[in-house]
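Below is one structure, written out as structure tokens; comments come after it.
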Amino acid sequence: MSELLWVLFDLVLAGLTVGLAWVAVATRELRRGVLLFVGLGLLLAVIWARLRAPDLALAEAAIGAGIAGALLIAALRDEIGVSAEPEDGYTASRRLVDLGAIGLLLALSWGLLDAFLLSDGVRLAEGVAERLGESGVINPVTAVLLNFRAYDTLLELAVVFAAVLGVLSVGPARPALEAGSLVLTGLVRWLVPILVVVAGYLLWVGAHAPGGAFQAGAMLAAVAVLLRLGGVAHAGLPGTAATRWLLVLGIGVFVIVGLSVMFADRAFLQYPGDIAGVLILVIEIAATLSIATALALAYLGGRPVGWEADCDSPQHRVNRGAADRGGDA
Amino acid sequence: MTLANGLPVLILLSSLLPGLVIFLLREDSHRLRTWLNLAGAVIKLILVGVLIWGVFHEQVFETRWMLAPGLDLVLHADALSVLFVTLSTVLWLVTTVYAIGYLEGTPHRSRFFGFFSLCVTATVGLALAGNLFTFVVFYELLTLATYPLVAHKGTPEAVRGARIYLAYTLSGGVILLVGAVWLRTIAGPLEFVQGGILGDIEGLDPWALRWIFAFLIIGLGVKAALVPLHGWLPQAMVAPAPVSALLHAVAVVKAGAFGIVRVVYDVFGVEFLATLNMLPLLGAAAAVTIIYGSVRALSQDHLKKRLAYSTVSQVSYIALGTAIVGPLATIGGVVHLVHQGVMKITLFFAAGNYAENLGIHKVSEMNGVGRRMPGTTAAFTIGALGMIGIPPVAGFVSKWYLGVGAVEAGQAAWVLPVLIGSSLLNAAYFLPILYRAWFRPAPAEWPHEHPRSGRWEMPGALLWPPVITASLALLIGLFAAAPYSPLEWAQLIASREYRS
Amino acid sequence: MTDLLVWPILLPLLASLLALVFPRRGDWIGGMASLAVLISAAWLVHSVWDNGVIAVALGGWQPGLGIALRADGLSSVLLLMVAIVALTIGIYATRYFDNAVVRARFWPLWLLLLAALNALLLSGDVFNLYVTLELVGLTAVALGALGGSRDAIVAALRYLTIGLLGSMAFLAGVVVLYAAYGTLDMVALASVVEDRPATWVALMLMTLGLLVKSALFPMHFWLPPAHANAPAPVSAALSALVVKVAFYLVLRLWLDVFTVALHPATAWMLGLLGAVAVLWGSYRALRAPRLKLLAAYSTVAQLGYLFLFLPLLAGLPDGPAREAAFGAVVLFALTHGFAKSALFLGAGVIQQRAGHDRIEELGGTARALPVTTFVLALSGIALIGLPPSGTFLAKWQLLAAAVETGQWVWIPVVAVGSLLAGAYVFRVLGHAFAPGDRDGSALAAGREELPALALALVATVVLGLAAGGLWGFLDFAAMSPGGAR
Amino acid sequence: MLATTIIYGFAGICLFVLGLRGVLLHTTALARILALNVCGAGVFLLFVVLAYRGAGMTPDPVPHALVLTGIVVAVSATALALALARRLREIDHD
Amino acid sequence: MPDVLALVSIALAIVFYAAGSIGLLRLPDLLSRLHALTKADNLGLGLLATGVALLAGDLVIGIKVLLVWVLVLAASASSSHLIARYSMQAGNRGHGE
């Protein structure tokens, strides 16, 4: 009987998700789309939990629904007063796209069906389980993320770094919000320390239970968002130079650890067995700080005040104004 | 790097290096530029002299450079290539002297002489090409080097003329490329061999070979100005005189004709080609071009346009020679390569002098020019008589051999009328000019005459080139049977082409 | 020796970090890093020349579990090209961005792009390819938007959305592959892939994603505005490297991983799209009002040529003909990389000197900058495929392969494409002969023009004459260890 | 285990296709970004479905790590897209 | 015994959630909807949290779950206050929106 119950539960959950996604994408009215999207993020978190992927549930809730939702709502706020006029006229004809979509749906189903028939379903699961002991951590997902496929995570940090560089180079940050009401500042004053503690806990627990650098980083970014909403202009970010170092910390530590290991004539990122756990923790701490700074800057929407004050040589101080407009290319 | 495989490269470098250096020279360093040009030309002449002596004594000169698997850049000197190299080297020296005089005081001369040297490098490279791939490479390089020369003046007509020239030659180049690739893929590396290589390769589908022959001839026909493809030649008359002289007497037009000779004799082999019976088509095209060119020349009042159409018809003599299967006709065709070059360059030099000195562009303005510029007009007369085919000027020799060759090959029925007809037409459009130049009274004053400076009618650099080339034409005509003469050389080539 | 593979990725990555932290010394850091990458790339090519394919399992885990970096003939040659072009563009960028603030933004992104390109070329893991594609995409968009004008931002935004769509399609393909074969390593996949629906769907999705990223015909509309509005050094990198690297992946997947599932029909379809791209791109380039737009459409056309090679390579049986054709497609990619970046740098010099790059009013500037006009001429020759350039040899091999496999339809396409290319190149060069006053001295804008001149010369003279060694280096055995066929 | 795989697998495919369709049909940047994220969610769902090995068994951790990477990559791409969109609005407004 | 208690509290939670949702759909204006939402859902969450804590059986997990409830209480209280305040400032004086 409980088997049937689970199927019913899955049907409802999956149906709800697809329905929510359909409305979120199809709606003309952006505000509703964004809010439904946040709802979709939370539903997805539930699905990940259902499919026994707790790490992903945390990440989805913190990043997919949380930070992405915050970014989208902030973008909505800029959108007020702007009619949703088309940016550029191109849209493929509706019928063609629908036809293509259905074709793609069938093809993908056919491909995956054939794939499931072909595969024995084990894939890399056994491989990871055998070598988990040597990885220096107990949580298999963290082991894969930071040891077996550490290079992927390094490049992923580079992607975050690229995105934040892009955000910084596009334009100045949004104007800060005025100080919130008493209740809000009270809430912020209570929540921020709790969130920081939880972030630390998540970072620490990642070694042997669901958690880790990305979830902790998102949590710290949430702190920055709260501070920003509470009226704190710099959103907890330190001065320009320190922020630059924080952004660079994650990848820098990762590469330095990877390289220093090579001096003991091992391959890049091949941690020596006994201190693997420690190295992974060091990398995770640096990564958390970098990701939090990057996501905070992304929420700011651009260069914080005085970001490029020190980087233009004296004779160009004159046309600083032009510089902010991107200057002549 | 023994002399054997070094010489061809040296010959190429002797015009390439000065060209590149000239590009970098500042506009006002005239003396250095002139000195570089002349030094390059003279060195090349000496090297070619060594080459002639070597090839005459059966020494093999070859340089090979692998560009890609199966595609080697080969420079190989055989009898035919030496003939064309000598022609272009001699005439390049003369044209350089002429150009230096002609372009005195005009802008962009570094650019001009740079491309001028590149153009000759391409022509010499084309002549020395050892296989079809190298030929195509230099054939395309020639297009690139000559485009800026045609557009040199920068006037809207010049740029338009150059664009038309480019359109024709690039299209021709692409067609030639397709034909060459097709042939190379089905028949393997196409090293030029006296007597042709395709004869000995079995299993080649004749229809494919016919298509390939058509592609190659069309590709080459553009530069050899066969009738439907000749449109660019009159348009390219906007170029300065030395360019139109070099282009129409030595470089571009001859490259096309030389290409046809190479393809017919050294790729297909004339006996094998006869079995494919594509030669009558070539012969017909040549004949049509000869007549059409002469007819159009009649109605041209602009002197250079008339000479251009005359070139269109004259070059097809070479194609006609190749189209007739027989050693004598081959000799006629090949030797005309040289004769037409020498004669036509004289006419263009003279035309350039008239325009430069007296501002005359039209034939109608040429009354009494003989008295005012006797030297140039005398050279013009010799050239014109040669064109008509009156002995003792060189033109007669090649027409004679063509006629005899046609009779020997039994195709006199259609060749002789063409030859005689075209000679009459030549007379029809050249003799009136001569009559007008010598016997008509000179006009009160010339359109814009340069004051007569010193004893001669014109500055030496402009007067002597036409005189030299005219006397050269006369000498080749008179001493045709002498050793090392073009005719002698043509007979050597013909003897090697026909195995039977 | 195997840790050679790591340096081309880590050096620019670390330099990018330094460039962010020390914004004022961006030029110095950038120059040193590009030089170091060039040296490591050259060293890598040398060692691949000595002992074939080099591979390193990162983290010590054997490739099934961990990620492997691999360098064979194809990827090391492209790596060297990327290194040379990036160094040259970097030198030019120090002169192009006169505003130190914009330069401070340029360098971190630029070095990150260089790291991403190298990471993509060396990666041997399919999911890792997704991450590197994403990294290349984001850095390219950020660099493209550096210009700050409205058109640049709109173009960058569209480039980003379309690029992400492509990445998603690629990732979907990766999912199906992992679902079916349970491994992400390309060499392991190559030995285990079977000719069945799962593989077809995976190949279709991954190719669809890569076609979007390499702007093949129907999915090319994002490229011209993005490349024309980006700053000149960036658009040079976009056209010469970023788009090229996506094609490299198609080549790698089709010829190395999915050889079993490669049906001539699908290759023909790609060839057809390539043919249309050639004609459409050249036609639009002919009508482009601006020089950079012309160069962008020319990129669309030249990529069409690259895709023409696919049906030919699929049709040719193993042997010297196929090796010649394979060497030709690599030579074509290399020459286009050098020639197109030279063209864009030349356009950059003209745009800065004349304030605009409208072709009709180009006359005066073309005469004042003889070296730049010469660069445009050289890169034009390489784009048309005229002799001294490497493209001529590649086109010769392309036509030869077409004759060999009896696929005659490509020959008129190449012929017309070359003529159209001739038309749009000489349309630009025609203006250099327009009548005019004083001619500028030989090296009027000296240091700005030298990088472009160097690139153009490499495309025409070096790759034209010295390309013979390429085929030896790329001999088929070096392409995939043990030859999975 | 089979029912769960089929249900969520099909849901994943639907999300992917919906997202793809949304990107092609919408013109405003924000709507396209939403659709892209939905498309990404679909692919991630497929990854996790093929990692799921039934109630009792521990799932395959590799797809989980890949999806984690995917989520972070998606959010950074969204951040960049939103920054560009905002810049565009700023330019249009002054 | 604890399971029965858990079942009862979760059932009650569902009732409260249903009430909250119906309130959200049926009630006329913003403020009354806010009222329904915060009251019903928070209480529902409390019951759910106790039910889950009882099901989990472990004290530490139970406390963590209840901590979740406390945080949600704080967040929803202050956010509903802010929404109300904002809507008041926006001038609809609390009736019919």
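Going in written order, the chains are labelled A, B, C, D and E, and every chain counts its residues from 1.
Criterion: a contact is a pair of C-beta atoms (placed from the backbone, for glycine too) under 8 Å apart; a residue touches a chain by one contact, two chains touch by 3 or more.
Predicted model only: the values in this text are computed from it and were never measured.
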item	value
Partner chains shared by chain A and chain B (touch criterion as defined above)	C
A-D compared against B-C, more contacting pairs	A-D
Chain ID, smallest distance between chain and overall C-alpha centroids	C
Greatest separation from chain D - chain, by CA centre	B
Most distant chain from chain C, judged by the mean position of its C-alpha atoms	E
Gap in Å, rounded to a whole number, between the CA centres of chain E and chain C	57
Geometric centre distance via CA averages, chain E-chain A, whole Å	29
Euclidean distance of C-alpha centroids - chain B vs chain E, Å	98
Interface hub residues of chain D, defined as touching at least two other chains	16, 19-20, 24, 29, 33, 46, 50, 62, 66, 69, 73, 76-77, 80, 84-85, 87-88, 92
Residues within chain A bordering two or more other chains	87-88, 90, 108, 112, 115-116, 119, 122-124, 128, 148-149, 152, 156, 159, 162-163, 166, 170
All chain pairs that touch each other	A-C, A-D, A-E, B-C, C-D
Residue ranges of chain E touching chain A (in the complex, touch as defined)	71, 74-75, 78, 81-82, 85
Interfacial residue positions of chain A with respect to chain C in the complex	87-88, 90, 107-108, 110-112, 114-116, 118-120, 122-124, 127-128, 131, 147-152, 155-156, 158-159, 161-163, 165-166, 168-170, 241, 244-245, 247-248, 251-252, 255, 258-259, 262, 266-271, 308, 310-313, 316, 319-320, 322-323, 325-329
Residue ranges of chain A touching chain E (in the complex, touch as defined)	180-181, 183-184, 186-187, 190-191, 194
Sites on chain C touched by chain D in the complex	127, 131, 134, 138, 141-142, 145, 150, 153-154, 156-157, 160-161, 164-165, 168-169, 171-172, 175, 178-179, 184
Complex interface listing, chain D residues touching chain C	16, 19-20, 23-24, 29, 32-33, 36, 39-40, 43, 46-47, 50, 62-63, 66, 69-70, 73, 76-77, 80-81, 84-85, 87-88, 91-92
